[in-house]
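In the two assemblies presented below, subunit A is common to both, partnered first by subunit B and then by subunit C.
Take a look at the complex of A and B:
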């Protein structure tokens, strides 16, 4: 009697296991897997959002169209400029800030919190604040005019293409620099103390300690931060969308996510929008895969 | 001895001065926009556009906040939209915590055929960025007749792979003896989960709840796709429509910005432990 009961207990547990995971599987099927497969499907079809006609198979036509479309190539360029222009300064500055914070004895927590404060705001609010700062009469122009000793020069933050791109980069940089600083601070904090002590006993100064001990050991964190920052930048939408609705020119900051949105919702071209989504997916898949690989290996680096 | 200082001592001091100078300068630069938001929210628009910007005004122009609350047509649509944001963010946060705990518990504490496959499938969804599936997702939700509803705003975000991963990792070290003891006492599995397991998951729940809440409070893209009526708008939609599109009074704009950030500042100052420390993986979740 007894062994049989034990067997049914195992079975009962297995059944409960399935019961516990089924709701999530159903939701994922409807809201993740199906849409993903559907995006693949639609990207090879021609479909209008508003028409009831079934999608028509067009092969690779959507993709070949995209690679000849000036509008799409423009948004690839914009996304690339934004991503490189944001993540490299983010990486460098947050690493410097973290190293500086770790080298002082007091106010470490204060500086971390202060740098992080902008991340508390939602992206739309952040963009709204900067919209006023970049106003022709705003404090961005006033600040630069004071700095350069000029008066009344308008830098056209929200109208000249180059400046407009720079403006979106500044908003993003401002919002995320504190977050990545904190990631670096915890990275530096996890380097075993005795390594620094050994270096200092060997007569290294603080610069050498940073350059030969901290920096090499921080490589996994650096890699992780750069991939995370890159993924964030590739997804950027809110800042550009808010600036454009406020009247800034679309072309210089029409990034891929915006282009997908406009193509699907304004032009009703689901096929093209899906093809763009798939391309974005492939790029981000690559980086997410890298991130998972890196974050897995990160824990064993001080062996 | 101490009178003769080596060259490196001066270099060290110089470096220290530079480090402090740099940190303070960056700190000021980072905080200026925030200070601008707070000060401008208390000024009439004419003062905000004065050259140079008067950083501190002598009287508190509270009308900005009142007019911000009343909205452009005086129908308090901003209050309604704030309520929507709260409803959506709190619901997503609540259901994400429940579903992630249930699933994470199932994956951590029950052996069944196909468990690894289920776990891998769920983790695979982390690779799918929301931005890449938003259009098909929009069609799914519209086909279900859920556009312009709370359910439509909430349901796509409830199943959260990162949340499930977090809870699973949290439950794995939970002692099996405690669970078995409860089983011998005759408690049913749902009861064990609810009364024994869940009450012990406080820190993980707090972390996950805050991450989910923030993601929805910040969400512009999804509401933009599926909300049509003004009554169902959330704060980010309200701001893009009434603050950016129809250029509003600058003072009101900043008052709205302050009010829209208030819940986040409250969370930040009360729960900063959960707010900052555990965010490392948050970028790979959708939303």
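Take a look at the complex of A and C:
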């Protein structure tokens, strides 16, 4: 039977779909898509943020400058170190924690809340807490001195380049591991229970059940977490910014986003900062595409 | 129907009148940084001003000092800037250079002209805000730094603060070493420590004492007198954890813990305003008189007697706002600044007006003679459109030698390269 208005059920659904999606699309266009396009446009121009003069077209000059700039290349190196140092432990440890939570019978909710709690804190508060911990007279030094049976050794958490990088990684890891654990917990929870039961009936132990059943079927979640974690790490800003504001040296943790901030806001060079942000966007886009491409061959279905 | 029409016309007329009246109200937005004492008196000035001129409404917005620069910049670039604002003068320079701020409306501010205004203030007050013969800001405060000493820490180390206070940087390092207490490598009491992010105010003058400059007088060459820079960078390297381990940027800010008198800070670098903060944070310590202020030291081999640079916050008016608003903005600024003694006594900030400086109560304030003496040995903070960028580069050079074991010559070469690149860049 045809609907009275002449629209099929599918068309009706589609229309309502558009109605619901339109506000989000409009907001996305205004607050995300337009700034992205604008940044792309600005990246081919030189413009001082304070100047009233119109932007001057410079072609690829901002991009060629960046590829020769020691400062920018140092930021690329710092971002790569931070991303690799944070993203891989985040992925592995959050998966282990999720498996642990799902394997215990009691206190599941408690552990979920405990691990997730740091994610609720703002980055500023998190960094301030850790600044106290990493202070030369803070508990990080005291803890290591107790652990190694030493006295008065300063591990220079906020001053030596290697330790400083490690400090930013620890803060970020601590803040986000709980969030990704919860994502994995929901992924593990969505695997049909009868698959585990079948494996156990067939004589699989808990490790075999995890490795041959849970892990392969978690592939979509692992992909989601890896993309989200990597993008988050590439966009890291506030931890480094607050550490530098507190006196930590800039050079070892001057990541790309921080360099963008300095170039645009402190140096007023919005064209050059836009070129940096476009390059960062392309890197994120490339890795996301790569991860999707690699994982597409083995999509999971529960039959 | 006729009644209804008459009523409609009346309502329309009334709304038109109300609209016209509303349009006559001048609304000014004033952005400034946090300071509870200043907020208290300026809110009162606003109330008084609005009473005197009922057609003017002023909205005072307070922002954290560290965020003010970013907020004002983004507001200006989005064409949504406040009518009145204040920033450190080295940040305001770019706003003048790009004509984003309006010259002082002398008549509205109560002066006959530029000369009249200049004559009311200490010589040199307007040098940093003058361009093409026009003055672009009125000083909210001018500040210079000297050395605050906690006498109790000196006594604890067996020193007499009245005679043993440091006059040279070499003495500063030796005395700081005597005052410093450590638990192994970890400092538990510092003798003195620098104000690390503010290299243009306090470290560049140390270079100038030795005859060095950040850029040449013609503005084309970075790093003048390499030896002076090397000596200062070596001094900073030796100060840090890899040298004599006297302090580091990663410890808590010296001037903040100084007030607490917890036997963990012997000396710090700060302005006259610090006294107000000691009074609030630790009245017992303030009243005890167990603190004193001494001049900014010089190197033993100094060729110039230069004290820490003075810097200021100037009140400026947005040039993109209407001429009428600009006029009222200057009128309001002048009204606020007509209370220099109250600013001094309540907020501990100095507005360099002659009537204030000539007031006999002014020089009788604690250690004002030290600050005024240092002011005479100082010059205004380094001003350049890229001043902040240069300060960041100096910061990184000092951090490199102090914390990252980078050789002094290498750090200096990197500093020179980076500043020269900015000078040569025609962005």
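Heads up, the rule we're going with is that the second predicted complex is superposed on the first by the 252 of 303 C-alpha atoms of A that agree within 3 Å, B and C clash if a C-alpha of one lies under 4 Å from a C-alpha of the other, contacts with A are read in each partner's own complex, and residues count from 1 in each chain.
Here is the rule we use: contacts are C-beta pairs under 8 Å (C-beta built on N, C-alpha and C of every residue); 3 or more make two chains touch, one makes a residue touch a chain.
These figures come from a predicted structure and were not determined experimentally.
Novice: Return first, second, both or neither, reflecting whether A:159 touches subunit B, subunit C, both chains, or no partner chain.
Specialist: Touch status of A:159: second partner only.
Novice: I'd like to know which partner A:249 touches here: subunit B for first, subunit C for second, both or neither.
Specialist: second
Novice: Touching A:57 in the superposition: subunit B (first), subunit C (second), both, neither?
Specialist: Neither partner.
Novice: May I ask you to decide whether A:137 touches subunit B, subunit C, both, or neither, giving the answer as first, second, both or neither?
Specialist: Both partners.
Novice: Identify the partner contact of A:48: answer first if only subunit B is touched, second if only subunit C is, both if each is, neither if none is.
Specialist: Second partner only, subunit C.
Novice: Mind working out whether A:269 is in touch with subunit B, subunit C, both or neither, as first, second, both or neither?
Specialist: After superposing on A, A:269 lies in contact with subunit C but is clear of subunit B.
Novice: With both complexes overlaid on chain A, does A:211 touch subunit B (first), subunit C (second), both or neither?
Specialist: The answer is neither, since A:211 touches no partner chain.
Novice: Looking at the overlay, does A:178 come into contact with subunit B only (first), subunit C only (second), both, or neither?
Specialist: First partner only, subunit B.
Novice: In this superposed model, does subunit C or subunit B come into contact with more residues of subunit A?
Specialist: More residues of subunit A are touched by B.
Novice: Counting contacts the way the document defines them, which residues of subunit A are shared by the two interfaces, the one with subunit B and the one with subunit C?
Specialist: Common to the two interfaces on subunit A: residues 135, 137, 245-247, 265, 270.
Novice: Under the touch definition given earlier, write down the residues of subunit A that touch subunit B in their complex.
Specialist: Subunit A residues touching subunit B: 10, 13-21, 23-25, 27-28, 30-36, 38-39, 42, 93, 96-97, 100-101, 103-104, 111-118, 120-126, 128-133, 135, 137-139, 142, 174, 177-179, 182-183, 186, 205-207, 228, 231-232, 235, 237-238, 241-243, 245-247, 257, 260-261, 264-265, 270, 273-274, 277-278, 280-281, 284-285, 288-289, 291-292, 295.
Novice: Which stretch or stretches of subunit B touch subunit A in the complex?
Specialist: By the definition above, subunit B touches subunit A via 8, 11-12, 15-16, 19-20, 22-23, 26-27, 30-34, 36-37, 40, 48-49, 51-53, 99-100, 102-103, 105-107, 110-113, 115, 118, 121-122, 125-140, 155-156, 158-159, 161, 164, 189, 193, 217-218, 220-221, 224-225, 235-236, 239-241, 243-245, 247, 250, 253-254, 257, 260-261, 264-265, 268, 272, 276-277, 279-281, 283-284.
Novice: State the interface residues of subunit C toward subunit A in the complex, per the touch definition above.
Specialist: So the residues of subunit C in touch with subunit A come to 66, 69-70, 73-74, 76-77, 94-95, 97-100, 182-188, 196-197, 241, 248-252, 386, 388-389, 392, 395-396, 399-400, 403-404, 418, 427.
Novice: Once bound in the complex, which stretches of subunit A touch subunit C?
Specialist: These residues of subunit A touch subunit C: 46, 48-52, 71, 135-137, 141, 150-154, 156, 158-161, 245-252, 262, 265-272.
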